[in-house]
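Across the two complexes that follow, chain A remains constant while its partner is chain B and subsequently chain C.
And now, the complex of A and B:
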């Protein structure tokens, strides 16, 4: 992604939205890592997955209100890849408010994208705090509907 | 001597050898070009100014003298505008500008266009000199020869200056002065471009040898017998310094006024030299000696052939015709007219002093020689080369002492406002030297000396939250932070700009940790110099470098911030000055 105005909606696409199987935090992360690693922008899927778990060990990326944003920026990723997982059943993610997580936004970025990285994180946090957005995202029947809701709410 | 030193010496010798060969080639080409230029100029002058205009005869054709400079200006203006606009005007300024600001790059076509346009301008009566064109022609030869022997752009100014030296050295039969002229003309203050002296010497020697082999050796003017053997003569010479300084100032201002007026004139550029030529011709048809190079007048002045009245008239008329010719953009130099003006002023002072102080046994011709030197030294801000140039031009080295006095006094009085706008004040202001000078200072400062945060270095762990990092950033004077993992090994660095950007975003203070914010880091040995640090910063685009020791490059021992480099540089400069 080029620097300049942030176009978050361009980072979401239907193939990267998945309903997670019932399970725990590790299982959810592995499932999302596997989908993310399929992107040609991720040159080394194993390294990416390892980095995601290392980052999660430092501090949980469960920001509360039922949302987690696991993220890393590493050399083996060329550009942003965002994968979204829905867990209607809720997953214990060690979130800061202790509540189960129902929406997981996994972000892969290049280590050279230092300046945009925090902007992308902040934009997703802002998006997810839009009143009523979470319920609409969880209710969306198809990935295409899910992306339509996201794009509509994008700043 | 170890192997590395031996290899370095062989490489250095090889580079020197290539430069020497290049200078010989440039000198030979410049010498040959001077022959062609002289022939071309003499042919045009013989046919037009002397032929049609009967310029030097007792009954000149005044109508032709009126229109010829205009025709020459029209042809010169058209050719320059059509083929090489940078060949318009005096030439020396263009060459000096190319040296300082364009990496010594002169288009290959420029010497050819300049040669033809200058010959046309001068041969039709335009009042100008041959030095400017030859400086640019020689510089163009030097520049164009350079790539053929694979000189890098960085080294191109040297061959270009060598070409300038060769052109002037050959044409004026003054190889020593030509070489020094190329080194001195580049700066307004008393400063020499020492790097160009050796290449200039070689090119100038070769160019002079080639040129003189064909047109003849010996000085341009015959001024034998003049001597300086009475210290009391220094007083009238001091007066001469005052007079030539005033003359140089008036000439410089007049030329600038005319040039600016032509710039504002609502006419196509190629027509302006024609208008300038006609204006010069309107004076020249009454005073023919005010046209052309004025080369022949100096010999008359040495021989005492002119009266004070004639010399005064010549000074006034020559200043005006030269200003019209060059100020309108016609192709011609300022050195030739300056020598005529200085020589005439010298003749006036000499004749007056001879009448007032008969006991001093003053020879007016000696004052002509010294006046030539003083005027150009003041107008062009190059006293050293001028002293030598006039001695070589006249073949008379007996007048070095009064020349030194007059040149230096006149140069100081005019206080460095000369006829060449492209001159830089000194090497300190030269763009090509900026890197060398900065580098020389930065090389003397060690990173250990410059970096503040060594003993009290703050490092952050990868897990530290953005909230805590902002707290650290605002409560300490450290602007960048090394990031370490659980074992204390470096994994990245957070710069002040990263924190400032994060500050602008909401809702991420607990989500973002140091690892997320960190950028790829660059380490440097704390014992390196600031020059190494600046090069590393430039290559990586980082504002800060993490300092380590050779023993362990994974443990940060300090941080070098960009502004610490600037502070250390300023401190060193203050110490040195």
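And now, the complex of A and C:
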């Protein structure tokens, strides 16, 4: 995987794309953690959730322009699981630019995937920088259309 | 140009891509079928599967007709041997990549003569110099470093009451052994002669050893804030070399090293830096070290993700100048979009350095100023150069070209001279030339005949 192009779209699937219930950052993270933990690739959901909150304590994963990418790599995860949450209401995520977050890409990865993680992050940043993509993602009907937009726009 | 690239790792691939897009005729060699397949599918290059240290393979790659061979695998010995064989077969120029220049520092001349390369590059060295440059870049002064940081160029503005005013250049005896290589006045740049008079608001280009340039700055009453509070995170070779380069410029560093063996080595080899051993990324340690107040925070560990995260934390704590080492050139733009002030990619720097060489031919451009009107170039005097044995005065470089510094290979390593008129040029001297672009062609011819 290291030298070939990254196929980000293969990491998204319809069951892992949700409209978040209204609430705060903690609620959003808990909801996404619960969905992520349903994947058989995540062997210990509680450990995963704890790790997500620990990571968030270091520095917010709100990378600006309305997007957050909470992520961890831990041994009890076998391979990538990406869960996408949409929050039309906007969540205060303590993001670097202070803007409320409307799209959250949660990433679970194995601790063996060190060098690849930045590739996934880079691919997501490239995706959300595509002109007009955020509006389309926020307006798309869930989950099928949303996934279609994601796949179409994936770098 | 016909260019042969040995090694299709990230560096080789990137360089092959850039060179082939620039319409050079590129041949690539690698023993890995997957890499050769990718190159032949994606790039407009000739590709050849095989071991680049085998004469048979080099012959098949037509090494004898090459203008340039780039030996850029991640193995020093492969690179040296490939370059040597290709040059012996007839390739005109060679560039060799090595891991750590330190291992070769005192043997550059020996190697250059025997391995026949024209340039030796290290990714780590390039990255360390770039980091040092970014750390030291001050909003008020532009500057460049040459000869691995042993020579620096700064631009200073002449102020009222400056000791530079009121007499011709030949009567000015500044403190510090420096050369004033150019003056910019009202948008035009000139190389000053001995009878030049400076005026208030002239911008002068001063070249010399870092310590000398600082002495000179103090002498003309130019005081600027410099980065004093710099933190480097990580235990890589790049972290080490960046710290050492900054030490040469009088910057004291605090190093947060995430690797015990590296921390011990750094503590022993770095004279003016404080070395702390840290356990991964610990936000409490970052707070205790007041990372937020640092003039610059450099993350140069071997792990991209740690560099990214530690820079994000430093930024969060209030540090404005965060610099992250990043292994893949693809991420540079992305890092800078997500709040890292500057991302440094060794591979990108390496291919930039190679491109400069390819574009410049014999005279290699190091830096350009004033929209290209003035430039700094380097050239190495090889055996047979008409300038050998002549003093600088006798060498009669064209008007508007100055020799700013000479790196000379001695028995025990190299030394840097800020030359005077009676210094005599020797074989293998590396000259740093400052010139107006209008005379570049004449300088090139002067060096060739």
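Here are a few things to note about the model shown:
Simple rule for what comes next: the second predicted complex is superposed on the first by the 151 of 155 C-alpha atoms of A that agree within 3 Å, B and C clash if a C-alpha of one lies under 4 Å from a C-alpha of the other, contacts with A are read in each partner's own complex, and residues count from 1 in each chain.
Just so it is clear, a residue touches a chain if its C-beta (ideal position, glycine included) is under 8 Å from a C-beta of that chain, and two chains touch if they have at least 3 such contacts.
A quick note: this is a predicted structure, and the numbers were derived from the prediction, not measured.
When the shared chain is aligned, chain B and chain C each come close enough to touch A:59.
When the shared chain is aligned, no partner comes close enough to touch A:141: not chain B, not chain C.
With both structures placed on the common chain, the touch criterion links A:96 to chain B and to chain C. Contact with both chain B and chain C is seen for A:125 once the two complexes are overlaid on the shared chain. Residues 58-59, 63, 96, 114-115, 117-119, 121-122, 125-126, 129 of chain A lie in contact with chain B in one complex and with chain C in the other.
Residues 3-4, 57-60, 63-64, 96, 114-115, 117-119, 121-122, 125-126, 129 of chain A are the ones that touch chain C when the two sit in their complex. Listed in rising order, the residues of chain A touching chain B in the complex are 55, 58-59, 61, 63, 69, 71-73, 75, 96, 111-112, 114-115, 117-119, 121-122, 125-126, 129.
Looking at the complex, you find that chain B touches chain A at residues 462-463, 465, 497-498, 501-502, 505-508, 510-513, 515-520.
For chain C in complex with chain A, the residues that touch the partner chain are 34-35, 38, 281, 283, 303-305, 308-309, 312-313, 315-316, 326-328, 330-331, 334, 337-339.
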